[in-house]
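The chains carry the letters A, B, C, D and E, assigned in the order they are written, with residues numbered from 1 in each.
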């Protein structure tokens, strides 16, 4: 039996890596992927807690999160396409018309 | 070391390596593949915890549909190797240090508070897909219905954003 | 299994909004007339807002406690409903001018409104999350609605990336809270042990996520960029709607979960101070009206956070004296929404095709070119500044009162200092409008036309601003009722 | 007592109605607009004269009270009332407004309609401040009058008008927002915004403020008032505002707006926080004295005539503050009188400076010189007004200064002695500037052909001169009517005379906060139901 | 009809000149000179007549102090200052001097000012002065007295600055006013102190109460001492005593009738009047008395020394006035109030005459005031010469001219005075010598010798009779004015002292007509004084008539002393260097530019700029780069976490800190 804590710590590590990736990466798509990574970390925590608590609702939440992630992905990628079209770049650092 | 623990370590190592690889890879397609590795590893962990339904959804929806969408977009936009600019002063070492600090803090806090997670009592119920569906359609029917509208929003949004000008 | 009718009643406004959203989407391919959709949208937002009365009359918890239809919910539903109504009024002419598709806009607006309604009524974190996402995802799209505009698409991208980033924090917070308490239902959460570190961490992360949504410093960085880039009616919506909804959720968590009030107090204190200063100081040097108003939004979020600090400080004692502090937040959100809508609508209209005339210099001598508009804008600005006979004054007054009530004198004094800083840039706009001569080309161009819809928005917001500035009793009495949050 | 009908409300809102009517007019018929503005302000003046009958001599307490419930939570009432002090300040306002209208007759040539609208709105705010008995209402009017004044400076002012207008607003607002915090804090301690109720509770010991709280509250109020007065070192907005303001703006600013600060001190600081007032008195007095001397010295060396007059206000208002914080009935009455006298004489000085400006478009003293020759009448009026300002007996300035100093002397001879230096210095700067402007040979060719006072100007100045003289000789007309009010203030500030420099901590009030009891709340309710 | 209508309506006396002033001031600009003259002369003349009638009624009523309250002028708390007039013997003297001499001077001025512009203005001011002066002497309380006190200062300001086109005139006027104000500063404080001590400012009440006070011991500063000294400070300002005398010589910038009226006969004596009026207070304070005596004596001597070398004819007279006023204060200081007032009266006659005659001289010689450019005028303007000579003899103290009696009374009193009397007497006597010297020097330089002016250009002419008339009248008064005291020399009661007895106490009057030994002494002292005056005359004659060059030689041989005297001991320069200029410098550079503009306003603006600078920094944190924004979010997250987890007081108990 794996202690719940292990899972949660793993989720924290993955979440942290997601945050790290968000800052580190320049490509919009990859940055978006790091968000997905963070959401996955959340899912892991939900399932782990669900198992620890012996309640199913945690898993239901995971389903919802996945749906939301899908919806976000659809819109997000739409935006990314828009940006790529408008700017001919996928580098977030190049998209800085709005500032100061 | 028990078998589940061994499996856990293997899968979690896989997940972490995948995540790190996502960061290290220069080409988005490689990053996407690394992410899929993470997702698969997580699906394995879900199985390990006995959450088969979630694991399946993870593979099908996440690993399958969503990541395919990613790859599709990468291909569509013909995204090349990541351009390594450093225009942001903050996002250099200081920002990364902050991110690392945040991650470390969250992980450490969770590690220290392990006792506060309530102990597992009944694991058997977890495998019940029926239970899940009952919950979705009974207890959580309202958010569930809302997610349907959410998907509508997504569809609508995607078309609004990505469609070519009519003129 | 079909839910009970009473449950449906209690979420009727959201259903209305979603339903009209779907209807608009459905009719879009069949109907050409733009006026039709505007009319439909007005009808829809009114219907949703009207449905709020129905659900208020049939108040109580719905869907086994996932949502709560009480006075508090009612207030926010009315607020976001009115906001959407006014945005429809203002957006119609705007969309025509910018030649943008109209039906999709309204549909997205409806879904966003519904999301806010969900946020306001949610009594459970996951439902709240879904609501948040509904409003957020619609918002991302709306921000990028002017697809050809570089600024608009950039705005959408930034909003989307950072918004999702923050959402992840929020979600992780929910996960940890769930882990610590075994539930996501707020009222059940209240019954559990509030001292666990995991809960503390979870609540902290939730605060981070919501702090981003309400543009609290240092999470405020996205605000100016997104506000500037988004189409102006959308900016108006952003400043009034989602923010109010996020505040509603925060309030709900406060009111229900004692642990939150305990852990959050100092965080709110610090965030309030940072936010006020970041907003006001940032606005000092702005020359673009949209950005200026964006920074002012940040500042006002700071003021509201002061009231939050007061709420926490009061609620900690568990006394009923927190009620005026809640009322302060609610009233402020109302007054602020009215004013911001009016101001952004004027900015939107004066911006001209393609939103070109947004610089402060374009407002030079406005009082001579369009005295009526200048007077209106001045009233809004003075309300933001917090001068008497405007709703903004009472808003600020109630916040001061809440802060002093909670013995947060230092915070009140800091807020006072900020009010003075704020006065400077609001006055600057008035000064430019009234005390500078119009440029030759602006004078030659003649007055910018103000269509009926826009004028209606101005009239409504103006009347509201003055009415609530002179006679706030009905609102105050309503939001001070003891069973505001039935928990 | 609600027997007075609604005179006070009428006085407050009549100019507002006038402003509204003006707004409806077409903007290009200047003559008609001016006439309407004049009509409204004169009618207002006539209305306000009824006050003289409505506020009987020797009756303490507020007269002509009006009470209506307004905001339910927190309980805020529309509560107006007048006593001797506020009555005369209102009369001063209603007197100066038509004068200002007349003074702007020809010098305001663009955006005429807005100008008079702003002027009338300013009158609304000011009168409201004087009549308000609910602290919230007071604050409301207090803030309300800022905007018209800022517009008057900012639109119709001179070169650096915008800077001055913004500075004026920010300065004042800095203080007033703190005052708002103070008002709310006081509400917290008492449960009411109603001034008479709080005063009553203080008087019969139902309300005792903890010393530190009282001091902080005092400071919150005092700071706002001190900025408005302006008390050294918070005065630097004043020269800018005055120099840049149009003549009418300066007249109203110096004549009325500055008095709001001293009025606030009399109405709020002293009665509400007697202990703190006593403890702060010596510091306030020091600042006031510094203001008197410093203002005079700085005034003396100004090359700009209007700035000179502005700084002289700093000096003169220092007297008023000193008179108030001497806690002597005589000096208090002197302070009230000086407020009125300063309003008239400094107002007249600004009118004169404005008339010079109308002719030469400059305030630089070096640009003038020898003006007595082309304009003997204006010179004579100027001298007359300057003499009143420097406190020549039989003119109004003297009575106030004399009573203040006389009273202050009874409290502390040193204060009076230092302050009396200001009397010498005022002669220095006024006469010196008068000499440089009007005496000597004409130094600039342009000045040779300047026109003397026109008929309109003569009427304005003659009116002012008559009032100056009348106040100087018939001062009891005023002091008799303010006596009861100042006595009330004295009664409120003096009974707890724990203030003794020699015996510290002799009588320390108990640290307790007593909320309104049910009976008092009921009393308010009863008042409201009538 | 009341029994004594003029007394009952005493306010008419001051009101008449005020009416004249108002009428001339408001309407005179359009009038021909004739109307102006009629208004001015008739108003003051009527005032004189009314005053005479009032005096008659006063005698008629048995010389009882008349006091009447007309209306309240200031009232606050327990303080009341009324427009209350009173008439007693002292007032009678003053009123008659003021109205009588004033009227004569008015008449003179109608001739003198004929060729000046601003005729109406001049008479308006002059009448205004009369009004205030009458208020001053008729006032029944200090507050009303102060009205007149300040008012005469104002009139003096206006009249000195009458030739406002001349900078020196405007300067002089301003200086007069301001120096007077410095004195008034003390006067006001004195009043405040009196009010504090007695609770009233009415003469009658104060004096009644003060009489019951014990004397403040010498050297101690009791209330009365301080009050007296403060009042005396006012008097030094008004009456041009050390150290506030500086304005009077400058005031000669005004037209000569003004100098005669204000700066010789009336206004400057107000200080003496006040001290005399307050004699009950002063006599209760030996310290104050001593100070008065010393200041008076010192001023008398000091001013006389300066007068020795002045060349401007009016300035000599001005310093002479200062000196003579010093005599009056000396008299008051040693308790001889009667003598002081007596000298005040005689001085009014002969000094007014001197000024008017000097004016006549100046008029005759075409505006020249430098005595070095006169000479030999005696034959050409005989009337002027004669009258002026009479006045000079009077001031020099030759019997039986008026000055002899009054000066002698003072010196005698000084000699007898207990504290330091001999020194005061000696100095006074020496001053008398100097007086005789510089006055005769003036006469000799002006009227004797050869003309030193250009006889071709200057046509010397005698003045008209409107000017000479007053001269003659005053000359007569200068001769006989002192005869009131004549009986004293025959061991009979001094009329004047007797008359003033009710005011100053009978004791004094008795002393004047005392025992034989005292009488003997008085005769001896009178002889000594006459000898001193003779020496003064002789020296003047020797230097300026017999050996005209000798004077220059003497001046050369004693250059430092001479220049010091010529420059009036550099007092003006000292004031300028140590008071005026530092104050202006300080005000400009320290208070205004450094403290106000740079310091306070700089701080305020600095805060504004600081805020803007911070705002700019905030704005630049808005780099537009999404990655940076993400870092901000992370930073914010860390802030929130840090606050929630590590804020030291993030617990319930610590929450109390903010409460």
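In this text, contacts are C-beta pairs under 8 Å (C-beta built on N, C-alpha and C of every residue); 3 or more make two chains touch, one makes a residue touch a chain.
What you are looking at is a predicted structure, and each value in this text was computed from that prediction instead of being measured.
Touching subunit A and subunit C at once are the following chains: B, E.
Note on connectivity: the fewest chain-to-chain touch steps from subunit B to subunit C number 1. Overall, the chain located most centrally, as judged by its C-alpha mean against the mean of all protein C-alpha atoms, is D. Distance from the centre of subunit D peaks at B, each centre being the average of the chain's Cα atoms.
Taking each chain's centre as the mean of its C-alpha atoms, subunit A lies 6 Å from subunit B.
Distance between subunit B and subunit E, defined via averaged C-alpha coordinates, is recorded as 101 Å. Between subunit A and subunit D, the centres computed from C-alpha atoms are 64 Å apart. For the pair subunit D and subunit E, the distance between mean C-alpha positions equals 37 Å.
Touching two or more other chains at once are residues 170 of subunit D.
Each of the following residues of subunit C touches two or more other chains: 126, 130, 133, 137, 140-141, 144, 147-148, 156-158, 161, 165, 176, 179, 182, 201, 205, 224-225, 409, 424. Those residues of subunit B in touch with two or more other chains are numbered 87-88, 91, 95, 99, 102, 106, 109-110, 117-118, 139-140, 143, 147, 150, 153-154, 157, 159-161.
Looking at which chains touch one another, you get A-B, A-C, A-E, B-C, B-E, C-D, C-E, D-E. Considering their complex, residues 608, 611-612, 614-616, 618-619, 621-622, 624, 626, 628-630, 632-633, 635-637, 639-641, 643-645, 647, 649-650, 652, 655, 658-659 of subunit E touch subunit C.
Within the complex formed with subunit C, the residues of subunit A that make contact are 8, 11, 15, 18-19, 22, 28, 31-32, 35, 38-39, 41-42, 45-46, 48-49, 52-53, 55, 57-58, 61, 64-65, 68, 71-72, 75-76, 78-80, 82-83, 86-87, 92, 95-99. Of all the residues in subunit C, the ones that touch subunit E in their complex are 157-158, 161-162, 165-166, 169, 200-201, 203-205, 207-208, 211-212, 216-219, 221-222, 224-225, 262-267, 270-271, 274, 277-278, 280-286, 313, 316, 407-410, 421, 424. Across the complex, subunit A meets subunit B through its residues 1-10, 12-27, 29-30, 32-34, 36-37, 40, 43-44, 47-57, 59-60, 62-64, 66-75, 77-82, 84, 89-91, 93-94, 96. The residues of subunit E lying in touch with subunit D in their complex are 25, 29, 72-79, 143, 146-147, 149-151, 154, 157, 161, 164-167, 170-171, 174, 177-178, 181-182, 184-185, 188-189, 191-193, 195-196, 583-584, 586-588, 591-592, 595-596, 600-601, 604, 608.
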